[in-house]
Amino acid sequence: MAWSRDDMARRAAAELQDGFYVNLGIGIPTLVSNFIPPGITVQLQSENGMLGMGPFPFEGEEDPDLINAGKQTITELPTTSYFDSAQSFGMIRGGHIDVSILGAMQVAQNGDLANWMIPGRMVKGMGGAMDLVAGVKRVVVLMEHTARNEPKLLRECTLPLTGKGVVDMVITDLGVFEIDRAGMTLTELAPDVSLDEIRQKTEASFIVRVE
Amino acid sequence: MNKIYPDAHAALAGLLRDGITIMSGGFGLCGIPELLIAAIRDSGVRGLTVISNNAGIDAAGLGLLLETRQIRKMVSSYVGENKLFADLYLSGALELEFNPQGTLAERIRAGGAGIPAFFTKTGVGTLIAEGKEVREFDGENYVMEKGLVADLSVIHAWKADREGNLVYRKTARNFNPVMATAGRITVAEVEHLVEPGALDPDHIHTPGIFVQRIVRAATFEKPIEQRTVRKRGN
Amino acid sequence: MNKIYPDAHAALAGLLRDGITIMSGGFGLCGIPELLIAAIRDSGVRGLTVISNNAGIDAAGLGLLLETRQIRKMVSSYVGENKLFADLYLSGALELEFNPQGTLAERIRAGGAGIPAFFTKTGVGTLIAEGKEVREFDGENYVMEKGLVADLSVIHAWKADREGNLVYRKTARNFNPVMATAGRITVAEVEHLVEPGALDPDHIHTPGIFVQRIVRAATFEKPIEQRTVRKRGN
Amino acid sequence: MAWSRDDMARRAAAELQDGFYVNLGIGIPTLVSNFIPPGITVQLQSENGMLGMGPFPFEGEEDPDLINAGKQTITELPTTSYFDSAQSFGMIRGGHIDVSILGAMQVAQNGDLANWMIPGRMVKGMGGAMDLVAGVKRVVVLMEHTARNEPKLLRECTLPLTGKGVVDMVITDLGVFEIDRAGMTLTELAPDVSLDEIRQKTEASFIVRVE
């Protein structure tokens, strides 16, 4: 049985450690904040200029001056600080954020990431994604294993890159892969998912070291 | 020297010419100089290059200047929420230069600080690095990016005093402080004008030296792009 | 994760090794981490490279580490107020690298922001540019300067909360915020430790992400280098 | 009769305009703040992180956290703002300060300035001087015309430079010189100072355009 989106987010949350500073991308990664393991505290960074991001506001308490990088209304916490965009990306590009968890269209076995444009379609822009993958200490991709039955874990990305050799871990609905200089390693399988199924749905070559 | 102007039109008088480059603060619709953008629209100035993280939405923010075809080129990091933008771009009526958001912020800060170029890891090995110098420092590759300045910066702040010292509120700060430093002339639209000495000098985000003109945004309902809430009792 | 340490020695435990590079905040004796400097002296660590705008005075600030010969090299912009410094330097016991003050501040900011190098007009045509790349942008010459990082930054702030958010007071801010960003580990000595939420998030100068350890400077009489006054009734 | 230090400072103050942001160096330039012309307001910048510098404090009101770039205790004004050293020099290097008034050891006829080191003597460092002369819109030098009867206005500086071609105006006890691409021009003489005396005490070549 493949992992649900919540399962994937829970698995990603297990990568967090007490005291971590974390940037969560839009989509499934947003769910990770619902599964912070008990006993640890992390601070969420929002690249539009906030550290210590709180949950959505109660209805009627929305503040137009308080939004996240997805432009959603949010709240502040007792630990919150605000800063300008240059300082925010100084934080990101200077290697001060511990983990970035974000979505992807394609990941290559060498850690290349594509998640910002499809040539020929309207391009919305990369926003802060290129900065995050270049600057954050550890990049975790959370994505469905395939898109319309086509593999997303590839030998080489066919779409324009967001970053070269930047992904450290990929969590899909089928399992978990680690990527380092040696290449890609399958380290976990979702319950009842077979190695065969993963092999069939993955173009990238990987070695298997499932405990 | 008086920096206070009675309204947005007066605050922009003499500053607008066809073909100039304008930096416009804000992230999404948060912290944008709404009244100044409307005054730029009303001026009829054309052929603008606008540097702004986003391009507004249909009928709000920079969307106003897209409707009237006053913008020739956008320099942005993300323009996703604007249907008209897509139409103009795809029809060739609008030029577009994408910058990674951090590169955009840093280029603007550099421009304001007299730095013509700097190196960053962001974008190495991607389309963004094409045609740019890539250089190795301590075994890693970096791409050279150039500082940005503008003929005019229009920004939004929460409070100002008559000296032009500015304080921003929450995430409405975003690009506004760096743009204040990179405009040859910076015009700030502010929600509150306070007496000299009312701002604690340790709390000032933008020193008055970066602000040449100020206009109070007397009434202005701030828009919300994505209203997300949770239920009480959760 | 606890960032609060009971005293300066505890706050530096495990961080000091011979030959490391330390950034030390302050301008003159204003906003220097006096207790942390004394604790570094007491640790006996040697062969330090210290990046600091000034080198203290005899028997105060970094003067403490000069007395004990713990500093191998200083990276500074102005070291004029220290007689011992002059003696050590002229006898060859101390290495010295001068940086223009703005270049020093920008190099530190760059290091903290992941920028390995940038261009500046400062120093073009002077000794400072010798051996460095000089390049023309838009008809003007600029010299390339490199980002600076340190193994450890020791800084002084006015207030901190347990998250490590810092607020500085008046001109005691100076180099402290940029050094906080450029230390692999940053230890802040603070005058007041406040409860979570007591600092207005719009007023925080250094977000807690840049601060790994905090120690309260319980009692500490701040020195004044040049007491200048005017007579009442002027 | 040559100008006194106060006269020189008063003459320099006449270069200020309403709304100017001004950085004053140590020594004679400090006196300029005593002669701001009536009806104009200027803001003094102190490169250690302050705009809107006030006068010295009353005795007993000195604040160790409030000093100027000369490390002297000072006061704040209702217009004051504080900022860090990087922002302070961003202001200076980004061309936002209107005038820098500072002392010099030597000025050359092409605008070269030397004011930070004498080889062989203990070198204290350039502090912010190189940044100021490189970045500020207009650089005015206030200095004695000679040092131990040796001219300080030279064909070429013999001391290591602080900046190349950076000086726009020199005010000495004997007169006022303007420097632009065409070279150096004497534009004013102090009362009862003769052109001959200036010629005798000046090594630099200059043209004369005294009104």
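Each chain gets a letter, A, B, C and D, in the order it is written, and its residues are counted from 1.
Criterion: contacts are C-beta pairs under 8 Å (C-beta built on N, C-alpha and C of every residue); 3 or more make two chains touch, one makes a residue touch a chain.
These numbers come from a predicted model, not from an experiment.
**Q** Name the chain pair with more contacting C-beta pairs, choosing from A-C and A-B.
**A** Top pair by contacting C-beta pairs is A-B.
**Q** Give, as an integer number of Å, the spacing between the C-alpha centres of subunit C and subunit A.
**A** 35
**Q** Which integer distance in Å separates the CA centroid of subunit A from that of subunit D?
**A** Between these chains, centre-to-centre, one finds 54 Å.
**Q** Please compute the C-alpha centroid of subunit B, do the same for subunit C, then give the distance between them in whole Å.
**A** The separation of the two C-alpha centroids amounts to 32 Å.
**Q** For subunit A versus subunit B, what separation do you get between their C-alpha means, in angstrom?
**A** 28
**Q** If a residue has to touch 2 or more other chains to count, which residues of subunit C qualify?
**A** Those would be 106, 109, 113-115, 120-121, 168-170, 173, 201-202.
**Q** Would you mind listing the residues of subunit D that make contact with two or more other chains?
**A** 76, 82-83, 86, 89-90, 93, 135
**Q** What are the touching chain pairs in this one?
**A** Between chains, contact exists in these pairs: A-B, A-C, B-C, B-D, C-D.
**Q** Where on subunit D does subunit C make contact in their complex?
**A** Where subunit D meets subunit C, its residues are 46-50, 55-59, 61-68, 70-74, 76, 82-86, 88-90, 92-93, 112, 122-131, 134-135, 160-165.
**Q** Write out the stretch or stretches of subunit B touching subunit C in their complex.
**A** 106, 110, 113-121, 135, 137-138, 140, 142, 146, 167-170, 173, 200-203
**Q** Sort out for me which residues of subunit D touch subunit B in the complex.
**A** 18-19, 21, 41, 43, 45, 51-52, 76, 78-83, 86-87, 89-91, 93-97, 135
**Q** For the complex, which residues does subunit C have touching subunit A?
**A** That would be residues 1, 109, 111-115, 161, 163, 165, 181, 196-197, 201-202, 204, 207-210 of subunit C.
**Q** So in the complex, which bits of subunit C are touching subunit D?
**A** Result: residues 27-31, 53, 76-81, 86, 89-90, 98, 100-106, 108-109, 120-128, 158, 168-178, 205, 222-232 of subunit C touch subunit D.
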